[in-house]
Every structure is written in structure tokens, then in C-alpha cells.
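Each of the two complexes below includes subunit A, the first together with subunit B, the second together with subunit C.
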Partner chain A sequence: MFSGFMIHAWTVATIVAVVAGLVGFFVVLRGSAFVAHAIPNGSFAGAAAASLVGINTLIGFGVFAFFGAFSISALGHRGRHDVATALTLVLMLGLGALFVTLSVEYTPEVYSLLFGEILGVSISQLIPTAGLAVVCVIAIALLYRPLMLSSLLPDVAEARGIATARIDLAFLAVVALATTMTVPVVGTLLIFSLMIGAPAAARSFTDKPLQALGLSVAIALAIVWAAIALSYQTNYPVGFFVGTVSAASYTVGRLWAAWTRHAGIRSPTGPRVGPKYT
Partner chain B sequence: MSEALSNGSAPILAVDEVSVSLAGREVLRDVSFAIESGEFTGLIGSNGAGKTTLFRVILGLQAAHGTVLVGGAPRSRRNPLIGYVPQKFQLDPDVPLRARDLVALGLDAHRYGIATPSRARRARVEEMLEAVDARDFADARVGTLSGGEQQRVLIAHALIAAPKLLLLDEPLANLDLRSGHEVVALLARITSEQRIAVLISAHEMNPLLPVIDRIVYLAAGRAASGTTEEVVRTSVLSALYGHHVDVLQVHGRVLVVAGEAGELADTSDHSHTQTQVEIVS
Partner chain C sequence: MSAQLAAIFDPGFFTSQIVQVAATVSALAAVVCGTVGVFTVIRGQSFAGEALGDISTTGGSGAFLVGVGPLWGFGVAAVAAAAVMELIGIQRPRGRDLATGIVLGAGLGLAALFLYLDSVYHNTTGATVSIVFGSMFTIASSAIPAVIAFSAIAVCLVAALGRPLLLSSISPELAAARGIPVRLVGVAYLLALAIAIALAAFTIGTILSTALLVGPAAIALRLTRSPARAIAAAAAIGIAATWLSILLAYDSYDWYHQSGKYWPVSFFVVTLIFLGYLMAGLPRRLRRRREIAPDPARG
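Up next, the complex of A and B:
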């Protein structure tokens, strides 16, 4: 289980989990789960287009991911973010339907993007994935404070001189980048579960923002490691386990929050104890 | 009626002949007033009078004709001299952020990177929590706090950057009578202790009358400013509204009543007793 090609799988899964945990923390904080769904799924059209013209499907995917990010940011600037996201997704899915129909022969690379091929990761994929991951981690670390304030109190951030529209675009670009690098590994359908499941679970365990961010990464790591190990043992697909384990981790988080509240411990989501202000 | 007080020092905020049109409608017309350090000023106007718009102009978020000087310099975005507490905000109870984290964010949220923890930083946060009486809920998730508690945390968030001018947009709108009094008393104390200027908007002037030094009254897109005695008078407000209004004093509370029709332009329905309202209506 730890030899040969499996080493690559473990390494790349670890990288992917770190990025998904970090980026996902802000996706959940901003209530942008729909964006994390729309960008990878819509970008599938880019992969289909790339396959049609005969270039690397990942390049097509990446181009569409960034197009999606710009589109959502531009349309959402003075309107509802969810509507902007939906319009972008609809446009990209429409294009995807067209490109898939146009390509006559079966294109396995395109379909592999749907569920990913974590067990088939090659050494040549490792270096670029690690490079993009470093870019994502640095970007999130740099954006941390302004992104936090503009996500929670956009008017206050704006008054403080934070260019919230630019922060929004920068963050969407990071989501696009994170998606592009993780999709070949876990697939368009599963990056979503990793980006949402881990940070949503982490919020149940702590009140402190940096702790929650770290826990989000830790839970994402636990999910992918468990999924690979289980998949290796059972021969069922990795994706099945990523999806179920991340849903399970979220459930455990909610139960934990409910239990600590019940037990009277000052819990993250429960009522606080101690003197209430009077 | 709207010139700046000129007692030597430059005012911290000078608004001069500001006009704003939104969607083809003139929301503010030739609004002028000035605020000095250490002054507590009420910006009074009914719904839609343009209070939030005026704040956005002062913050540099809304284009306008006229000039706005903050600390003697033209307004600009990222003005560290101004602290702002908006009228509407929504904090999700699930967000893993304690009241103290939000206050700390006020220190340097505009900077890139993650803050390095330090003793001085913690002490400063503690000091601000103390200043707004928020220490009891400093470790609670900010989204789970009540409206009045969140209001305090946002005030501390604004104050920690040591602004010279604090803008609060309708901070009393969602508070009950007692929390409202507490916030007003708190702001009055902060104004005098920290020698900063506070501009607070409200649709109801009575809760503010005991503490404010000056009033800026917005009606029909225009503003009258001065001390309460100078502005809240039948002659001044009638000229401002463009029709006759009566300013009535009832048990030390002020009612602005539209003339013939007997409509209430501004009532004191949040007074100590309900009977005062019944007298006029």
C-alpha cells in the first residue's frame, strides 16, 4: 500500500487536501459553496474543448476555470453572487454539451476528469501540482486578513480602504487555480466535497479562526488518506470514499457541537455560559 | 445656517456644498456642515433622507459634487482617520470568529498576511473590549451575540484603529430602549475620553438629545446644522422642509409636527412614557 505508484498517490492526495482545506475554509466562510461547485463542473467544458482541438485537457480546463472566476466576479459585482454563478455555470455547461457532442470519438481523458484518477497519478504530474499548491497556499496566507473582513463585513472593509471587488476576484482566481490542480486527482465531482466537507466540519470544533483553518486542513487530510486506504483495501473507487467520509466528518462535527451544547460545555455553536451582559 | 464653526483649529470633518444624485434623483443638495474633535453630532433625518448616502460620501465610497475634508485633507478611500459602523450587517452564527477576533481585525485588516500575535496586540484588544463593556462576551462567537452586543463589538472594531472620526449609521435602529440608552451613553463617554468626533445617524432625535453637542438635520435633500437650540426650531425646520412644521416641546421631549395636516414628521414614540405621544396624536 505504500510502494511504487502508491507513493505518488499518497503524496499528491496530501497536497490536494492541504489546498482544499485552506481554500475551502474561505469558500464556506463566504457562503460560496455554489461557486466551488460551478467552477469545476463548468470548466469541464474547457477540457472537452481542449480535447476537440487536440491540446492538453487540463489547459482547457484551467482556461475555463479562470474564465468562470472572472465572469462570476464581474457579474456578481453589482448583483447577486448566486445568480452570477448560476449564469456562468449555465453558459459553461451549454458549451460543454456542444463540445462533447462535436467530439466524435470517446475521450477518456475528459471523462477521467469527472472522477479523477488518484491511483494513476504519475511522477510528471507531481511537480506541477506541488508548484500550483504552493501558489495557492501563499495566496491564501497573503489574502487572509482583507479576505476575512471583506467576507464578513463588506461595507466596513470597503470603508477601511480594502478593494473588496479586487479581493473577491483574487479569491475566485485562487478557487479556479485550486480546482484546476486538484481535478485530475480527485475529479470535478469530488473536489467539491473536499472543499466543503472539511471546513464545514472544522467550524463545529473550534471558535478560533486560525484553529478552524488548521483543523479544516487536518480533516481534509484525514478524509483523503482514509479514502485511499479504504479504496486500496476494498477496490471500490476512491471517490466513493471521499464523498462518504467527508459527509461523515460533517455529521460528526454537528453531533459534537450538539453534544457539547447538551453537556453544558461552552460550545462553538451553542449558547455561551458565564455572565451574559446585562 | 450651515457654515463651519471657526474657533481656530481645523475641523476634523468639513462637508461643503455636497450634492448627490442617484438614479437621476437629487438625494442631497448643497449639504454643508463641520465637526470638531471631541464633538458628538447627531445626523437626523427620516427614512430615505440620505443619511447613509452622506456617510458613503464622507467615506469616499460615493461620488459627489462639492468638497469633503477629513482632517483638513480631501477625502480618500483607506482613510485611517475614519471608523465606520454600518447600518446593516449580518454575521452568521456558524462563523468561527470570536468577538475578540473581530476587534483584533480592526487593527490591521487592510494588511496582507496573517497577524503575528503579540502581548501588545492582545492588550490593545482587551482595552477596546473593556471600553465598550464587551469583556463578558469577548470569547463568544460574534454571530451568536445579540444585536446590541454585536453593535458594541463593531464599535470596538472601529475604535481600535484609533480613528479621529467615528461614523455610526443608525446604531439605535435595532436596539430596545435600554440597549439604546447604553450605546448612547457609551458613545458619549468614548467621545469625551478619547477626544474623537462621533457622527451618529438616527431617524429619531430624542434618545440623542441629552448627549449630542450638535445636530445636522436632513430633510428634502438639504441640511441644517448647529446646536440643537439653533436647528430644532419652527422657523429653521419649516424652511428646511419647505412647508410649515411645528416644533413642540413636551416634557423636555421634542416633536416635529407637520402643520395643517397634523402629520407627525418626527415623533418621540420611544420616550419614557406612551402618554406623551398620545398628547399629540
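Up next, the complex of A and C:
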């Protein structure tokens, strides 16, 4: 289980989980689950296009991911992204369908693109993934304060002179970057489940942002590691285990939150307050 | 004249039974999606629609596994997913996004498993593409009665909900104040949404189904403010887009290097709808530019 090609899988999964935990925390905080779903899913068309014209799929992924991020940002207005996101997504997917049809040899790979093939990662895929991951983490670190403020209190952020529209675009670009590095190795499903499931579960356990961020990364790591181990044992696809374990961790989080609220430890919303205030 | 017509409509286009079935099914799907989609856009539930569409991949692949028609798989999966979303809290806008995402993640996980099992037990890799991207030209004519029944249920549901649905979509607080059971209306609407998505998935594939649901409705709501007119317009736009796409796909047989392959109908549907959405935004944008200085909020 820890030999040869499996080492690559473990390494890549760890990198992916860290990035997904970090970026996903803000995705959940900003309520932009749809965007986090649309950008990875839509950029799959880029890979199909790249294979049709015969260039590196990573380039195709990158181009389509950033195209998606920018057109969602340009078409949506005043924070209402949902129709723009849906239409951008389906346009990209439609192109993907066309490219897949036109390139004969590509069809079986559709499955691995959509659902990931983490066990087949090679060393040549590992290096760009690690490099982009570092860029992603640095970008989140630089954006941390304005991003946090504009996610939680958009009005206050505006008043303080933070260009929320620009922060929004920067954040979408980070999601696109995370997509480019992770999707080619793990598939669109895995990254989305991690980006939503882990942070959503983390937020049920704590209200403090930094703690939640750390917990989100930890839960993401636990999910992928468990999924790889289970997949290795059972031969079922990794994506299946990531999807279900993510949902299960969220369920546990919700139950925990309900239980602590019932016990009077936390107020149902807002920051932590003692029992005497509630 | 007839030569030009023959260049547009390939010989055999109108007599082909495949085309007739595709046109019938897509027209029904377009009407249902137009009706339901207008409310989806007003309620800001595009993500729920998209998620239900993706999750019907689970149903489609499951149906393939056990050997029943895909439409039933799509329908069962979409309705079940809608029920779970409702249970874990689709009412609050933010929690709703999250609930949708969680259900979507879990559903896609199952889809991964089913598609994997499909390829193991049925020894085919084609199932993924035909379920995910649709294959309108392979719909069997025997599916039409089921499509009609599904459509009738969805349209009747929306018609029965009528004004309470509209009011609770525009202003839930006002609707609640008037004594409308907002949550119940939401549940019934979600059921209609699930059926519409199943039909759209059957027509243009699971992950593209949102295009038919949200696209025509979004275009219609850019053109008119009246909900009734928007529904009619959305249905008409949906039918126009799908029929034109069927024609283009039928003609596309020898466009690309004489490849002798039909381009996917879904690709044309999606592209036409996206272009329509951009064009429908033009008049308003031009008017705004003429009347006032560029909107600072968009800078």
C-alpha cells in the first residue's frame, strides 16, 4: 500500500487536500459552492480541446479554468453569479462534449477526467502540481485579510476601501489555479467534494476562523487518506469514497453542532458566547 | 429554391424517425423547462438545478447497471436528491448553497461507483459519454409516453402552485405574512424542478441539462418582466434552440474533416442558448450607456 506508484498517489493526495482545505474554506465562507463546482467541471473541456489539437492537457485546463473564472466574474453582477455561472459552465461543457466527439481516441478518458485517476499519477505530473500548489497557498496568504473581511462583512470591506469586486475576481482566479493543478490528477469530482465537504464540516466544530481553517485542512487530509486506503483495499473508485466520506464528515459536523447547541455550549449563530448570555 | 432548401435540410431530415422522436422529446422538455426554469431563475436556484442534473448521472448510470430506461433513473435520482437537499436545509440562502454542494458531492461519488461498475459488468466505456452528454439521436420512440407523462405532472404541478409559488419566490417574507405555506410550496416546486431536470437530462445529457432549464428562462426574463409572458417566451426559446440544434447536428455529419460523425446536439443547444443570453443583454446595456454614465458598481 505504500510502495512504488502508491507513494505518488499519497503525495499528490496530500498536496491536493491541503490546497482544497485552504481554498475551500473561503469557498464555503463566501457561499460560492456553485463557482467551485463550475470552474473545475467546465475546465474539463480544456483538456478535451488540448488533446484534440495535441498539446499538454495542463495548458488546456489552465486556459479554460481562467476563461471560466473571468467570464463568471464579467457576466455576473453585484455578487449574483448563479445564472452567469450556470451558463458559463454549460457552454464550456458543451464545447467539451464537441471535442470529445471529434477526437476518436479520447472517449475512455472522459471518465478519468470527471472522476479522477489518482492511483495513476506519475512523477511528471507531481512536479507541476506541487509548484502550482505553492503559488496557490502564497496567493491565499496574501489575500487572507481582505478576503476574510469581504467574505464576512462585504459592507465594512467596501467602507474600508477594499475593492470587493477585484477581491472577488482574485478569488475566482485562485479557484481557477487550484483547479488547474488538481483536476488533471484527481478529477473534477474529488476536488469539489473536498472543497465543500471538509470546510463545511470544520465550520460546525469551531467559530474561530484560523482554527476552522486548520481544521478544514486536517479534515480534507483525513478524507483523502481514508479514501485512498479504502480504494486500495476494495478496488472501487477513489471518487466514490471521497464523495461519500466528505458527506459523512459533514453529517458528523452537523450532528456535533446540533448536540453542542442542545447542551447550551454555543449560540446557534454568531461567535461563541457563554451559556449565561444565551 | 428547392436546391437551396435541400442544402439546409439534408435529404431525409423530415422523414427520419430519429429526428421526429428527438424533436418531440426536446419540445416537451423545452416546455417543461421553460415553465419551471422561470421560477428557478427568480428564486436564484440555478445551483440546485445544476446539482440535480449532475446527480441524475447517478440515476442514469444506476439504471444502465440494472437495465431499465435512463429516464426512470434520472427521475428517481433527481427526486431523491431534491428530498435530501430539502431535509438538510435548502431554505436559508447560504445554507442552501452548502446543502446543495454536499448532496452533489455525495451523488457524484455514487455516480463514479456506478459508472465504474457499468464498465466492469457491461464491458463498455460508452455509457459515461452518452449519459453525461446525452445522445438525442438514440432516443427510442417507446420512451415518448413516459416523457409525456413526466411533462404533464411537472406542468400541472407548477400550474396548481400558481400565484403562491410566484409570490413566495419573489418575497418569501411577504408570502409567509399572507399565510402561504412557503416551505410546502418550496417542496412541491422542488419536485417539479426534479422532473424538469430529469427530462432535460434525458434530452441533452445530465451535466448539460442546466442549459435547457436556466438558459431560456434567463433570456426570457431579460426580455420581459411579466412572469406569464416569460414562461411562454422561455418555452418558445427552448423549442427554437433545440430544434435548430437538431437540424445543425443532422447537417454536421461531414463538417469536420469529413469525419462522418454527427456533432453532439447538446453542443449546439448550449452554444445557441449562450449566444441568445448575450444578445438578450445587449439592448439593456446599450440603453444604459445612452442614458447614464457607465455604472460605477460594475467597475
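To be clear about the criterion, the second predicted complex is superposed on the first by the 256 of 278 C-alpha atoms of A that agree within 3 Å, B and C clash if a C-alpha of one lies under 4 Å from a C-alpha of the other, contacts with A are read in each partner's own complex, and residues count from 1 in each chain.
We adopt the following convention: contacts are C-beta pairs under 8 Å (C-beta built on N, C-alpha and C of every residue); 3 or more make two chains touch, one makes a residue touch a chain.
Just so it is clear, the structure is predicted and the values come from calculations on it, not from any experiment.
Q: Looking at the overlay, does A:D155 come into contact with subunit B only (first), subunit C only (second), both, or neither?
A: First partner only, subunit B.
Q: Touching A:A130, do we find subunit B (first), subunit C (second), both, or neither?
A: Touch partners of A:A130: none, neither subunit B nor subunit C.
Q: Just checking: does A:G197 make contact with subunit B only, subunit C only, both, or neither of them? Give me first, second, both or neither.
A: The answer is second: A:G197 touches subunit C but not subunit B.
Q: When the two structures are overlaid on chain A, which partner does A:G239 contact: first (subunit B), second (subunit C), both, or neither?
A: Only subunit C is touched by A:G239; subunit B is not.
Q: With both complexes overlaid on chain A, does A:F115 touch subunit B (first), subunit C (second), both or neither?
A: second
Q: Residues of subunit A touched by subunit B versus by subunit C: which partner has the larger set?
A: C
Q: Could you tell me if A:G31 is touching subunit B, subunit C, both of them or neither one (first, second, both, neither)?
A: The answer is both, since A:G31 touches subunit B and subunit C.
Q: Tell me the contact category for A:V90 with respect to subunit B and subunit C: first, second, both or neither.
A: second
Q: Tell me the contact category for A:A247 with respect to subunit B and subunit C: first, second, both or neither.
A: The answer is second: A:A247 touches subunit C but not subunit B.
Q: From the superposed pair, tell me which subunit A residues show up as contacts to subunit B and also as contacts to subunit C.
A: In the superposed arrangement, which is not itself an observed complex, subunit A uses residues 31 for both subunit B and subunit C.
Q: Spell out the residues on subunit A that touch subunit C in their complex, using ranges where they run on.
A: Residue positions touching the partner: 28, 31-34, 36-38, 41, 77-78, 80, 82-83, 85-87, 89-91, 93-98, 100-102, 107-108, 110-111, 114-116, 165, 189, 192-193, 196-197, 200, 236-237, 239-244, 246-247, 250, 254.
Q: Per the contact definition, I'd like the list of subunit A residues that touch subunit B in the complex.
A: Interface residues on the subunit A side: 29, 31, 141-146, 148-149, 152-153, 155-162, 202-203, 206-212, 266, 268-269, 271-272, 274-277.
Q: Sort out for me which residues of subunit C touch subunit A in the complex.
A: Residues 41, 44-47, 49-51, 88, 93-94, 97-98, 100-113, 115-116, 119, 125-126, 128-129, 132-133, 205, 207-208, 210-211, 214-215, 218, 256, 259, 261-264, 266-267, 269-271, 273-274, 277, 297-299.
Q: With touch defined as at the start, can you tell me which subunit B residues reach subunit A in the complex?
A: It comes out as residues 59, 61, 77-79, 82, 84-86, 88-89, 91-98, 101-102, 105, 108-115, 133-134, 136-137, 139-141, 144, 149, 154, 157-158, 161.
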